[in-house]
Amino acid sequence: MADAVIVVTLLLTAACATAAVTQRDPARQALVLSVLGVVLAALFTVLQAPDVGLSQLAVGSALTPLLIMLSVRKTRRRGRSKEDRE
Amino acid sequence: MNRLRLWLLAVGGTGLAALLVAACLDLPRFGGRSHPYGDRAVHASLRRHIANTIASVNFDQRAYDTLGEMSILFAAVLGCVVLLRQTRDEHRAPPEPAEVARPVRRYALLVLPVALVTGLYVIAHGQLSPGGGFQGGVVAATALHLLYLGADYGALERVRPLGVYETTDALAVSSYVVLGLAGLLAGTAFLANTLLPYGTFNTLSSGGTVPLLNAAVGMEVAGAATVLLAHFLDQAVEIEDATEEEPGK
Amino acid sequence: MNGWILAATLALGGGGAAVLWGVTTGPPARRILAQNLATSAVCPALLLLSQGYGRPSYVDLALLLALLGPVGTLVFARLLSDDLAGERPSAWGLTWTAAGLGLAAVVAACAAAGPGRAMVKLLVIGVLLIAGNVIASRALAGGFRRVGGG
Amino acid sequence: MSHAMDVLPYLVAAYVFLTGCYGLATSRHLIHAVGCLAVCQSATYILLLAVGYRAGGTAPVFSDIEPGSRPVVDPVVQALTLTDIVVGATVTALLLALVLQIAKRHGTVDPDELRELRG
Amino acid sequence: MTRRTDPRPLLRASAELLAWWLALALLWLVFVTSVDTLERIVGAGCAAVGAVLARAGRRAVRWR
């Protein structure tokens, strides 16, 4: 019974990972990835690894989404200006 | 072509899945009681008066590996700087100032120092409570970028002289190496934690060189993350190549 | 298995499933709202887990999430402001419900901690969580009106 | 129930890894592929921490508990995972920088179109 | 260049810095579990860094 919280977070992680892969648009995938980061932090907490959870939170909740979204913005802007020229 | 690839993926994936499941069934069962390395690591950590065993493993027992990890981070940032530099056919166009709602701007300005101090707290207490140089460094660097989110890129550029952060990054890596060499000069070994007294258990000064190495890593990560984000922000916001139209035209 | 962990399991399971459903379906505006709710669901769960395991030092995780979660939402609200331009997503009912959940968790943890510095820390986390939640919702409802090149 | 619990975390790690590989192989956008690689990496975190878990244990951090008063989980794998996360983040950043360079050079971020360009 | 005729901006700047420093030092004391001398020194230093950055950030945003 004490394992219930571990099972719940594990299944949530698996579902989040599936969702992150099936979202084909990178911006939407970044949204799911940031949720995955938070869920992973919760999983690490229930696995009694608060240090790892902290570093996953620090990286996954703000830094990685910011990097991905900036890259998306750059590629989108290039694409848009190319369409304008054609 | 595409169908062939999918078939190949299906076959390879099934094979890999079968192997992985077989391996999983053979692993020691989840939650088992036998962790010989863990018990010894905890023992070694307590002997050196370090409350957070993970910090002890990272900065004392495996400090040499952490040096490798730091140089990976340093090299990766260097690679990003080279890849994302401004080339000759590109020019900079200062972005128009953004119009941000007042509550959001005020939130960003109020939370910035709070997040920075939290990051520094996480770095300083790395050898006591959960946390450490890496986590706190990322938090401190993220705090700075609240200025971009809450105002505009110009505001961030005014409080972020990039050269300072690049220097901090390099200085932090070299101070880690110097701390390691100090052990060598003292007649023991590279990065051996025998230099400083171990102090009282569960205080800020406990653990010999661990707090210093922790602070070095924290500075390095904060500098590296800021430099990294700066180049991505430059690319996404400021730098345009010749084919791109300027927004004003 | 004590009551704290049971409550955290419910918050994680229920909140997590709802967030996952919201973040994978619908227009961009709804997805970002769901991403914001992930913070408001997991942060109280982390506070409850810290109580349940009897480890006050786990509170740092909730502190960091309360600080950085809204920052992540602001990233999306800012860099996807073009997609949000047409629709002004404002789910204030949901936002205040999430804030109430956070408040309940903080009050319960404070009652268990008793007066002292630990209680003030919990209150700081509560203030950061609720303020961040509300501000992120505000940012989505037209917080970035004209973000040209920036 | 308890028997399934013995291997469930390992199976979840394997599943997450395979899911990430599937996304990586079928991706039509390089940034999406980088995200799938991040999913693959998170499988390694789950596996490492699952190996180090001890039933009824708590974190080996003694700032708020007395050393030896409670069983603790394995700190060595946690330190490994910490390094793993750092390296994972830097890999993501470096790959994104490469994607931006590819977008600049070839004007596309679709792996299939890139292959056609190569001819 | 600058003539020091008006002491008010200086006064206001130091008041702002001091207010931030006090608030952040209090925050540090709330975060930590046990207080000793070194803890106070480190906390005061970190709060000073935070206060300087808080003022720099506010000025940068007000700039335009």
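Going by the order they are written in, the chains are A, B, C, D and E; count residues from 1 in each one.
Heads up, the rule we're going with is that contacts are C-beta pairs under 8 Å (C-beta built on N, C-alpha and C of every residue); 3 or more make two chains touch, one makes a residue touch a chain.
What you see is a predicted model, and the numbers here were worked out from it, not measured in a lab.
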Chains in simultaneous contact with chain C and chain D: A, B
Selected pair, greater C-beta contact count between A-B and A-D: A-D
Identity of the chain that, by mean CA position, is farthest from chain C: E
Rounded Å distance, chain D centre to chain E centre (Cα mean): 39
Chain C and chain E: spacing of chain centres that average the CA atoms, whole Å: 29
Approximate Å spacing (C-alpha centroids) for the pair chain A, chain E: 35
Centre-of-Cα separation between chain C and chain A, whole angstrom: 16
Residue numbers of chain D (touch at least two other chains): 5, 8-9, 22, 50, 52-53, 55, 58-59, 61, 63-64, 72-73, 78, 82, 86, 93, 96, 100, 104
Residues of chain A engaged with two or more neighbouring chains: 2-3, 22, 30, 48, 50-51, 53-55, 57-59, 62-63, 66-67, 70-74, 78, 82
Sequence positions of chain E contacting 2 or more other chains: 27, 31, 33
Interchain contacts, given as pairs of chains that touch: A-B, A-C, A-D, B-C, B-D, B-E, C-D, C-E
Interface residues, chain C side, partner chain B - complex: 57-58, 60-61, 63-64, 67-68, 70-71, 74-75, 78, 128, 131-132, 135, 138-139, 142-150
For the chain D and chain B complex, residues of the former touching the latter: 5-11, 13-14, 17-18, 21-22, 25-26, 50-55, 59-64, 67, 72-79, 82-83, 86-87, 90-91, 93-94, 96-98, 100-101, 104
Chain C residues touching chain A - in the complex, by the definition given at the top: 1, 5-6, 8-9, 12-13, 16-17, 19-20, 23-24, 28, 31-32, 34-35, 38-39, 42, 45-46, 49, 53, 55, 57-58, 60-61, 64-65, 68-69, 71-72, 75-76, 79-80, 83
Of all residues in chain B, those that touch chain E in their complex: 97, 105, 109, 112-114, 116-118, 120-121, 124-125, 128-129, 144, 147, 150-151, 154-156, 158-159, 202-205
Interface residues, chain A side, partner chain D - complex: 2-3, 6-7, 10-11, 13-14, 17-18, 20-22, 24-26, 29-30, 33, 36, 40, 43-44, 47-52, 55-56, 59, 63-64, 67-68, 71-72, 74-75, 78, 82
